[in-house]
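Look for chain A in each of the two complexes below; its partner is chain B in the first and chain C in the second.
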Partner chain A sequence: MQDERPLDPSRRNFFKSGAAAVTLTLAPGVTVMAFGGTAASAQGADAGKRWGLLIDVNKCSKDCEACVTACKDENGWEGKGKAEQNAQWIRKVTLKDKSTGRESSLPVMCQHCEQPPCVDVCPTGASFKRKDGIVLVDKHICIGCRYCMMACPFKARSFVHEPVNNQKTFAPRGKGTVESCTLCVHRIDAGRIPACVEACDATGNGAMTFGDLNDPESEISKALTAYPSVALRDDLDLNPGVRYANL
Partner chain B sequence: MRLILAILLVVNFAISAVAEEHPDYGPEIPSATGEPHPQGNEFMRKFHMDLLSHDRDLTMYEGIRDTDASLKSCFDCHAVTDQATGNPVTYEDERNFCRVCHDYAAVRVDCFMCHRSTPEGFNEPALLKSRLLGPDDGLDDALFTELAAFVANLE
Partner chain C sequence: MERTIYREIKATQGVWTLGIILLGLVGLAGLSVLYVEHYGHAVTGMNNQIVWGLPHVFAIFLIVAASGALNVASMASVFNNKAYKPLSRLSGILAISLLVGGLLVLVLDLGRPDRLLIAMTTFNFTSIFTWNVLLYTGFIGVVALYLWVQMDRSVHPKFTKPAGILAFVWRLVLTTGTGSIFGWLVARPGYDAAVMAPLFISMSFALGLAVFILVLMALFAMDGRELGEAILKRMTNLLAIFIAVVLYFTAVQHLTNLYAAEHAGIERFILSQGGIYTTLFWGVQIVIGALLPMALIFGGTPGSVSARAGLASVLVIIGGFAQLYVIVVGGQAYPLDTFPGYEVTSSFFDGEIASYTPSVYELALGVGGVAVALIATGLATKVLRILPTNLADKNLEG
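Right, the complex of A and B next:
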């Protein structure tokens, strides 16, 4: 489609208003550049980053649902229809080792795979991976075929069965489309951490660590280097961004 | 070709004559708050969807959130307040800013199947039950309740 709009060079000026660049020359050859506002909101998704989560199952309390509640409140997916049809962006799962009887409880959400099967099977291109590793659904393109729900080994995606209103501005959702955890992409773009991680920290459990897997100095990378952790369904070679310790 | 041009010319004159006789012909557009659009109302009337489509992809794929155009910022100025309750009206209400023109043009807007139709922070009332079956089913709420009870019995 031809864009009939008159050209206006200022319109597509990304580094504008709150993110005006300030350049300060300290000495010849040494330049300090500072951006007003948060650097994240000025630049958007950064291809050099790979966002990930590390969940320490030992620290996750069995009867704590703080992450699930926080996600519901943040993204507004509290279901009002039938329980079996309601969306689940994140759920608590209890695993039991049959031989020892040991039970562990952990949250499972979209694992933000490096090789996401949901993206492979999507017939319209609605399911996509952002350049910083976050797997999302473009609901303008989603036709609600639910192939991705079939393909996902983690049962992370939900279909919206009923008409919805009162959505959050940053988390539009509606009948006939598929949705899942966005890793709180609106928060990440503003330089904040996902709501589930914030809620987990607030309870004092501190079972969730969020950070950049590509940055060797980040808290999550250091923890992954120091302690053993697993990816769910490691056999599928999907390289998820969400990893579990002490599972 | 000349004949077509002649017909077009006549039709054009006829339309402008009607417009002159009926200056109020057309939808009654609710007034907005805030600064007027620098591009002008005529531009926004024609291109608002182009602006929204362009910027929505920027936000979704590039994560650029301080865009010029967004549905959210539309409602900063274009929320219609219900005088009785003092609350903004949702898309379910025919006084909603978007609906005024789109109803007039007999075009149903799909935006609000996924997006909220009021300013952020306002708690939108629950959807009418009859809408759960779709907008054109002709069911009122009472009939819907009856039907729902019947279906529940079947299960």
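Right, the complex of A and C next:
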């Protein structure tokens, strides 16, 4: 589905008024915030852009987890429960070529597909794609059916199995809903780069390049033109926004 | 031959006892749901690898059996097989009841069941789930209409056939939708196959009839009504044919996969090296759930017809449950093939066979769904004129 959802002002206003009412009648001095993946962030989406990532596998060090740590810190998804149930928005994957034995290491996160299967299967439209290609979950209407997790070929999505607290206002999480990499949409809307890319740069590895795939003059577009790269599961023709070089 | 008379069942002590036991099971399911909703799915065996578990096996079983339970009515009004006509009402009631039970399980396992209203009002028409919401609720309406046409004497009998055809077509589309939940999943090697839709339809035929036979036998026994051997023989013969059709589509499913080198991994997993899933496939689904009941039905084994019919139906249900467990859980246990040609490892269990141990809460929820279906059926036969008074052989028509 190509649901490039515009901002729904009535929905925003509803939440604003709801929050105000609660503050007035129940808890003076306590700010009730209405936040979510959709309305607040979709306002900044620019239909002319398509945000993407290029990951140079040769530059990605096997022992480095900087991108993962940065994402955890930025978005607050560090799990404290069972490993099988903990959320992982981004993970380091180690690959060993079955025929040659060559090993490589790379981060895998939501691939922000142009044709996202998670958006196709979502019964309520909670799983949606912004105008600028970022695939998000609207936490207000996710019913927690997990069909998107069944449909994602990259295992990019996690279900929140346990109660969560101390959340970041720009990365709300909710027990019983599904979540995944937001490409740090809150940073992008503020003109910054995703936390993983910033952390990777800081290590000096420089394995991750972020930018606008629609802008031929962007660093990422130039790199993609100059060097070969692949999309994961390119047989599925999903046209992900995340590409890998030297895989 | 007597005219077919439909009468409510009597509230015997047996009916009350069974009702109380079933209500107790529903209560346990309710407590489990509250517990899981409070602590989150962390207390279940499900995880980020096996995202659909035992509740989904129960739910899909009930939903698939629901559409199949309607077949008995279709035999009468669509295919003009008069022997089944007295059973049409129970067929419709059981179909609705099983569907409601299955949907309850499905909905109460959601991460946010409190948002059901969103699922009922906010649609995404590229999602087969959305279509299923409409197909499932529509099914209840269509079967209710079908029942009304049959039961209201002021409605001319000529409307029974069109209503029956509508319900029959609807149920075929509905089960196509259920099978397509898996058939349209391109991401996973265990699914992504068009055969899922006809496979699920064939399963619905077998499972629905098996459940129908058991419910019919139980209700007649509890109310002391006579159930002749002839109708049971007809139904078990039909059951054996349905079992064969399930075996056929199962064979097509696996042979098609075996032919493609890219699917060798998932087939090796399910058919030979998958541990519990391999055991469930060969031991329970194929031997206990298909070959054994077919031998019971066709083999002329000793024992009464009703004992054989009951046992064969129980075995088919066990086999169908195993089949759904292998499809739903086994299909997820096998890792995604995101990096063909590589051995994959990560802290997120990439490249590993996922483990899953169902919790008691999941079991209680699933059993609660079955209990709701049985209570609804029992209640309907208590307050409505659903069951014929006499199904003795001399009363069998056609």
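The working rule: the second predicted complex is superposed on the first by the 204 of 247 C-alpha atoms of A that agree within 3 Å, B and C clash if a C-alpha of one lies under 4 Å from a C-alpha of the other, contacts with A are read in each partner's own complex, and residues count from 1 in each chain.
Here, a contact is a pair of C-beta atoms (placed from the backbone, for glycine too) under 8 Å apart; a residue touches a chain by one contact, two chains touch by 3 or more.
Not measured: the values here are computed from a predicted model.
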Legend entry - Partner chain(s) touched by A:163 [first = chain B, second = chain C, both, neither]: both
| request: Would you sort A:190 into first (chain B), second (chain C), both or neither based on which partner it touches? | output: first
Query raised in the report: Is A:175 in contact with chain B, with chain C, with both, or with neither (first, second, both, neither)?
Result: both
Counting residues of chain A touched by each of chain B and chain C, the higher count belongs to C
Contacts of A:132 with chain B and chain C, given as first, second, both or neither = first
*Have a look at where A:57 lands relative to chain B and chain C in the superposition and call it first, second, both or neither.*
neither
In the overlay, answer first, second, both or neither for which of chain B and chain C A:149 touches.
second
*In the overlay, answer first, second, both or neither for which of chain B and chain C A:45 touches.*
first
After superposition on chain A, the chain A residues reached by both chain B and chain C are 3, 162-163, 174-177
As the complex stands, chain A meets chain C at residues 1, 3, 81-88, 91-99, 108, 117, 119-125, 141-147, 149-155, 158-163, 174-178, 232-233, 236
The residues of chain A that touch chain B in their complex are 3-5, 11, 14, 16-19, 37, 41-45, 80, 128, 130, 132, 136, 138-140, 162-169, 172-177, 185-186, 188-190
The residues of chain B that touch chain A in their complex are 47, 50-51, 54, 56, 58, 60-66, 68, 70-72, 90, 92, 112-117, 120, 123-124, 126-127, 131-132
Chain C residues touching chain A in their complex are 37, 39-42, 44, 46-49, 51-52, 110-113, 115-116, 118-119, 122-130, 133, 181, 184-188, 332, 336, 338-339, 341-350, 354-355
